[in-house]
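Below, chain A partners chain B and then partners chain C, in two separate complexes.
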Partner chain A sequence: MRRVLVIGGGLAGLTAAIEAREAGAEVALLQAGQGVHHLFSGCIDLLAYPQPDGPAVENPLEAIARLAPEHPYAKIGGDAVVRAMVGFQRRVTEHGLTYLGDGRHQYRVLTAMGTLRLTGLTPLTMAVDPAQIDVVCSIGPYRNFSAGLVADGLSRLTKKNVRTLAFEVAQGELDAMGLAAKLAEPAESARFGDFLAREARGLTVAIPALLGLENAEEQKRSIESRFGGVLVEVPGLPPSIPGLRLMHALRRIALDRGVRIAQNVRAVGALDGGGVLRGVKVRVADLEREETADAVVLATGHLVTGGVVSTRGALREPVFDLPLSFPAGESFFRSRFLDRAGHPALSCGVIVDSSLRPLRDQSPVYENLFACGDILGGFDPYRERSGGGVALSTATVAGRLAAGVAR
Partner chain B sequence: MDRFDAIVIGGGITGCGVARDLALRGVGVLLLEQHDLAHGATGRCHGLLHSGVRYAVKDPIAAQECISENRIVRRIAPHCVELTGGLVIELPGDDPAYYHQLRRGCDEAGIEHRALSPADALELEPNLNPRLTRALSVPDASVDPFLLSQENARAAERHGAIIRTHSAVIDFIRDGAAVTGVRFADDEGEHEARAPVTVLAAGGWGMPLAAKAGVRVGLSLSKGSLVIMNRRFCDRVINRCRLPADADLVIPNGPTSIIGTTSITVASPDGLVIEPRELAVLLAEGAALAPGFATARALRSYAGVRPLFQESGDADGRGITRGFFVLNHATRDGVPGLVSIVGGKLTTYRLMAEKTADQVCELLGRRVAGRTSDTPLREGEPAPFYHRYERLARLATTKPGEMVCECEMVPREAIRAILSELHGRPDLADVQHRTRLGMGPCQGGLCSYRGLALLHDEGLLAGGSPAAVITRFLDQRFGGIAPVLWGDQLREEALNYAFYATLFGLDRGGDA
Partner chain C sequence: MKRFIPEPRRPETLFDPCIKCTICVSACPVAQTTATFPGPKQAGPDAQRFRGRGEPVEGPWINLCSGCYRCQVACPADVPIAEINLFAKQRYAAEKGRDVATELLTHAHWFNPWGQRFHWFATPLLRMKWARWLAEKLFGVDRRAPLPTFARESFRTFARRHESPRAKHKVAYFYGCFTDSNAPEVGRAVVKVLEAAGVEVIFPVQQCCGAALIGAGNFDRARRQDAANLAAFEQALDQGAEAIVVGSPSCALALSHETGEVLGLGHSAVYSRVVDLFTYLHRLDEAGELNLKWKETPLHAAYHEACHLTALGFGAHAPALLRRIPGVQVRVLDAGCCGLAGTYGLKHKTADLARQIGAGVARRVAEWRPDVVLSECEGCRMQIEHLTGVPAKHPAEVLADALVE
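Take a look at the complex of A and B:
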């Protein structure tokens, strides 16, 4: 059996591992640490702002078809994006997570800042038109959510008077994980439902994204049945329960399919077979060893997770020292932090061909190395709001190619 | 409400000190600061409460002033000063004669000093360069310039002074040649205030202001840049044993260390840019003092200007030392009603304020002596602890959910306590200056949100858009981070950008 090694345990790495496995390969996934999923909203963004100065697009797939050729979406094509999306939705549904969206319109999701964000695929628990929300309820004490701030922002956007409520969890556990676990207890969840029945019967209520790690949708339905209204989760600062929920589901799917996952293992270099990779050198604690493979998928993410590292004035891909699409002499960030044009360092990445093989001087560095997710160049996941979508779709392609299946 | 005995222009340490000194003497004071207290050189200085050792060879008078004021400030403001002590270290290549000159200078100025063997010095400060050849212990200390300014302002207010931040003086009111008041602008518009004496304590901004009153105050502006590292390399202030030069001082500041400074002449105190070559010097010289600098993470950098008074042999003999000058513009320039205070150091602010207040009282015809040298800033209260110890003690009783900023241990209560001091439009930076919110390693990543939520919940956003308030704060805070953006700091900012742009959509105004 063909042996595929995936480096990185984020959205891209897990997706590539599952795809390669489903395509018949033997798959090992190595991860040095967590992906960014415990930080992100839980929504899979497809594409909202293709141009720095342009307006938001309302139909992501249509906009994807018009992207410049260096964009990862353009390299794999719109059909591959649709296939990846559908495959993702089907898989996570098996594990009780419903993601809504068809890529042809945007969802508007309310955030803990009281602002709206655009996204392509949204968890069921967030898929409510913000204009429908009547009440914002804090679940406390939780410092990363201010019902007042959210209601204020929402009132400005919808010109509707939005009320606030505060529900105190018994014997207050204080961090997000503790609160979510507490709220998932049947008694506490019932108490919350009854509280809403008294204070907000039949209304649409926004709450911090603290529904359970495991059965969020079931919990939502059971609380809703008690107060006859609708609950909406509002994503905010980390740790992100919706992000962790998604990652638990993907990990379980990978393990069920027989992917071998090794944590705290860092890839540190190539086993160079002259134009082909024989595998990678890895480090576990202080020990170095070799992992051989027939194909390797690089899904190491970006600056936040160490897929790209920096010193004064230089950015580097640390595992294979692959060339990055970063113009020499450019500053990493623009002078304004919240510049709508984004920041040069965040849009740099590995340059690849249409088979997602990293290139040096226009030819593949290794014919059996494929890259996917945030490590790719040619796009800015943060500014464009395309990180989740690019991770899923490029990983789907990379996983299949690594397993030896033609595109 | 628009008539006072004296108006003070500038809310740096000098202006705040003058306001307090005058208020203690019963003079009715209005202080006007264009931005927030400590906006100028004060909030961008090194935070060294000089023992005087730095001047012991070159400038004996300044050295004497420093040691005497150092002792006074420790006594009257114990909560603003961390009694770190200091070391002077000699490295291979430093002129060995300087060490002996320095000891002689210290003896003459009355600065306590004690020689330490290299082994003893390294035992006290294991992160120092192990190649150090000689060391001297001196009574330097670390001072919080923001807190010291605020505490002077608060004490002044308790004695009847009025302190207005976000109020910029735009012109003087004249009666013939005499200055009889000022015109100033805040968010609501323009206002006037009158007083028989106006004190110009506007630091590096003084020259153009003085010109509006028709007087010339010759200042040369020297920019100094500094870098804050996210580790406390040493528990003591570290001086290099050589004539004062670039980047020869490391000062512990809470969990961080500050290395400085450079010295470059500039044309204006606004829009200071930190040049890459300055950073290179600071980091390289820092690594010479403590090798860990080479691999540590730079949190932010900042620059301030020292206004150096350029006229020698000034006619007005009052209170003049080589460090600072009190100028009575009536006798000097024929403009009655205006007094300027220029030059000096944070360490000697109290003495400067006293000399200035003496001059003001003389002009007002009041014979009251100053009493700031033996009046604690927190009069009538038991002597407080150094503020970081107080915070640590508070940790024991603060519920984790009440902590707004973990890096700097700022609970909700500490923020609530200063809300009444905020003037003008809501500004998270004003909260930051008073509580240290967002000054630690995450540089506001998580606590900006929580600080904003608190302002909102306390009704302080007053109909203003929360998104606009936090965007302004995040953009402004980034100014000091941009020059040191590499390694872990770049990683941190990538994450912060993802929170506030990708997740919250603030780069697009948040209205999708």
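Take a look at the complex of A and C:
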């Protein structure tokens, strides 16, 4: 059996591992930490702003077809994006997560700042038109959500008077994880449902994203049945429960399929077999060892997760020292933090061919190394709002190619 | 010629790379269960800046860290958070002392051989309600917490008379205290599987790995034990052993990482040769040398990956091997920490918290209703049996039973 090694346990790494496994390979996923799902809203953005100054696009797939050739979407093609989306939606359903969206429309999701954001695929718990929302309810003692701020922003956007409510699940200090666990207790969910029945019967109520890590949709339905209305989750500050919910589901899908996941292990170098990788050198604390494989998928992310590291005046890919794309004559960062044009450093990444193999001087560095997700160059996930979609679709292609099957 | 081996890193100095991302807090089973623990970020790298400069020592909350290592595993900046907490516990204990329960339970390796020798008395005693009530009042050992039974024959006695046949491969087996006094059947299964795989097993003289002592910040005592272990293992490597195979993840973590980094016992060739049983078998398999024959074994098993196995960085190799046995169905629980964490779940002060932490594991086991829960860690096995009533075994026991002889 072909042995595939995936480096990185984020959305891209987990997806590549599952794809390679489903394509018949023996798969090991190595991760240094546990991914940054706790920083992830849970929405899969496909593409919203392809041009720095242009308007938002309402049909992501149509816009994907018009991207410049160095964009990762352009390298794999629109069909691959559709297949990846459908595969993702099918899989996460196994673990009780419904993701809505077909790539031809944008969803508008309310944020904890009281603004709207565009996204391509949205969890069922957030998939409600913000114009329908009547009430914003805080869940105490959660500090990272102000019902007033959200209601105020929403009132301005929808020109209707949005009310606020406050519900307390616990006393003292608990973070999002603790609160979500508490609210997931059947008695607490019931108490919350009864509270809403008194205060907001039949209305559409927005709450911070604190439904449980598991069975969130079931919990949503059971609360809704008590007050006869609709509950909407609003994604907010880390740790993000919807992001972690998705990670848990993908991990369990990978483990159920027989992927071995090794954590606490950092890839540090190539086992070079002369144009072919024999595997990678890895490190746990300060002990080094080797992991061998027939193909390797690099899904280590970008600056936030160490897939790309910054040194004085330069950016570097630390595992294989792969060449990175970088527009000549530009500085890494613009002077304004929230510059509409984005920061050049964020679109700097690994240069790949149409099979997602990293290139040096236009030829593959290793014929059995594939890269996917944020580490790819040629796009800015933050500015474009395309990180989730690029991760899913390039990982789907990389996982299949690493397993030795057609994309 | 001896290869150059660098000095182990010093965890207590490595708090600076913390970027305050709080991913460790979202990974901490204790912080998610109680608000009385400030969480790994504050207890670890944040507080470490203030320690050791004559600042007053922290509160007893430092002992609420269960030592599961999940924070350290999650950290994207490689801050050894769990190990920083071990140093903080040492410092706290040096000033404020340790409670009776901690002293008693971290020295179980002193009492266990006696319990085993008088197993006909000790095992029933530990099942008597009044004795457990008394132990809780006098020693602080929770009266509901799971305690092991003592074996009729220790593994040590078995090992003394056991001759492992000469073979192509040779390993030193570190069985650990629990296998020795409480579960020798696990040790016998490990030996049976290794020998069937064409591996000669030797049993170097060994002492307790000190995992429990290290967990309580009692480094001096653990240092003496592990210095002796290192000497014995270095000798075993000189005698041609390829690896020190360990059945229990916590022992492996103590012997490969904590001995060098936490106890400061300097560099040793042993650390990188310590390997858990299933990783060793996987390596044989990758070399095309694992030719085991299985008989049909109908079994619906749930596999629980111990936190310390995760910390070792090999991942769990057991499920893939178990799935080769015809009839065996294995599903990985992936439901978090079981809560026992060595002595944490046994002490009256923290036993309730440990049970709450383990609720996620218990819920999933109850949902799946497997015939057996498999885990390499004896603490996890005791806790899961305690919380669910489903029997728990070491995966090597399933392999040994399924071998065609």
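Note that in this section the second predicted complex is superposed on the first by the 399 of 407 C-alpha atoms of A that agree within 3 Å, B and C clash if a C-alpha of one lies under 4 Å from a C-alpha of the other, contacts with A are read in each partner's own complex, and residues count from 1 in each chain.
Just so it is clear, contacts are C-beta pairs under 8 Å (C-beta built on N, C-alpha and C of every residue); 3 or more make two chains touch, one makes a residue touch a chain.
Keep in mind that this is a model prediction, so the values were computed, not measured.
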Partners on chain A (chain B, chain C) - clash or fit: fit
Partner chain in contact with A:P239 - chain B first, chain C second, else both or neither: second
Partner chain in contact with A:S310 - chain B first, chain C second, else both or neither: first
Touched partner set for A:S41, first chain B, second chain C, both or neither: first
Chain C versus chain B, contacts on chain A by residue: B
First (chain B), second (chain C), both or neither touched by A:L157: first
Where the C-alpha centre of chain A sits as vertex, the angle toward chain B and chain C in the overlay (nearest 10 degrees): 90
Touching partner for A:D256 - first (chain B), second (chain C), both, neither: second
Partner chain in contact with A:R357 - chain B first, chain C second, else both or neither: neither
Touching partner for A:D286 - first (chain B), second (chain C), both, neither: second
Lowest inter-chain C-alpha distance for chain C and chain B in the superposed arrangement, angstrom: 7
Chain B and chain C footprints on chain A, overlapping residues: 36, 39, 172, 174-175, 304
Touch list for chain A against partner chain B, complex: 36, 39-41, 45, 49, 56, 108, 111-118, 140-144, 146, 148-149, 152-153, 156-157, 172, 174-175, 235-237, 302-304, 309-313, 331-333, 335-340, 342-343, 345-346, 381-383, 385, 387
Touching residues on chain C, where the partner in the complex is chain A: 6, 8-9, 21-23, 25-27, 31-33, 35, 39, 69, 72-76, 78, 80, 256-257, 261, 271-272, 286, 310-317, 319-320, 323, 331-332, 334
Chain C contact footprint on chain A (complex, rising order): 26, 28, 30, 32-34, 36, 38-39, 172-178, 181, 238-239, 244, 248, 251-252, 255-256, 258, 260-266, 282, 284-289, 292, 304-306
List of chain B residues in touch with chain A within their complex: 399-401, 403-404, 446, 449-450, 452-453, 456-457, 461, 465-467, 470-471, 474-475, 477-479, 482, 485-487, 490-491, 493-508, 510-512
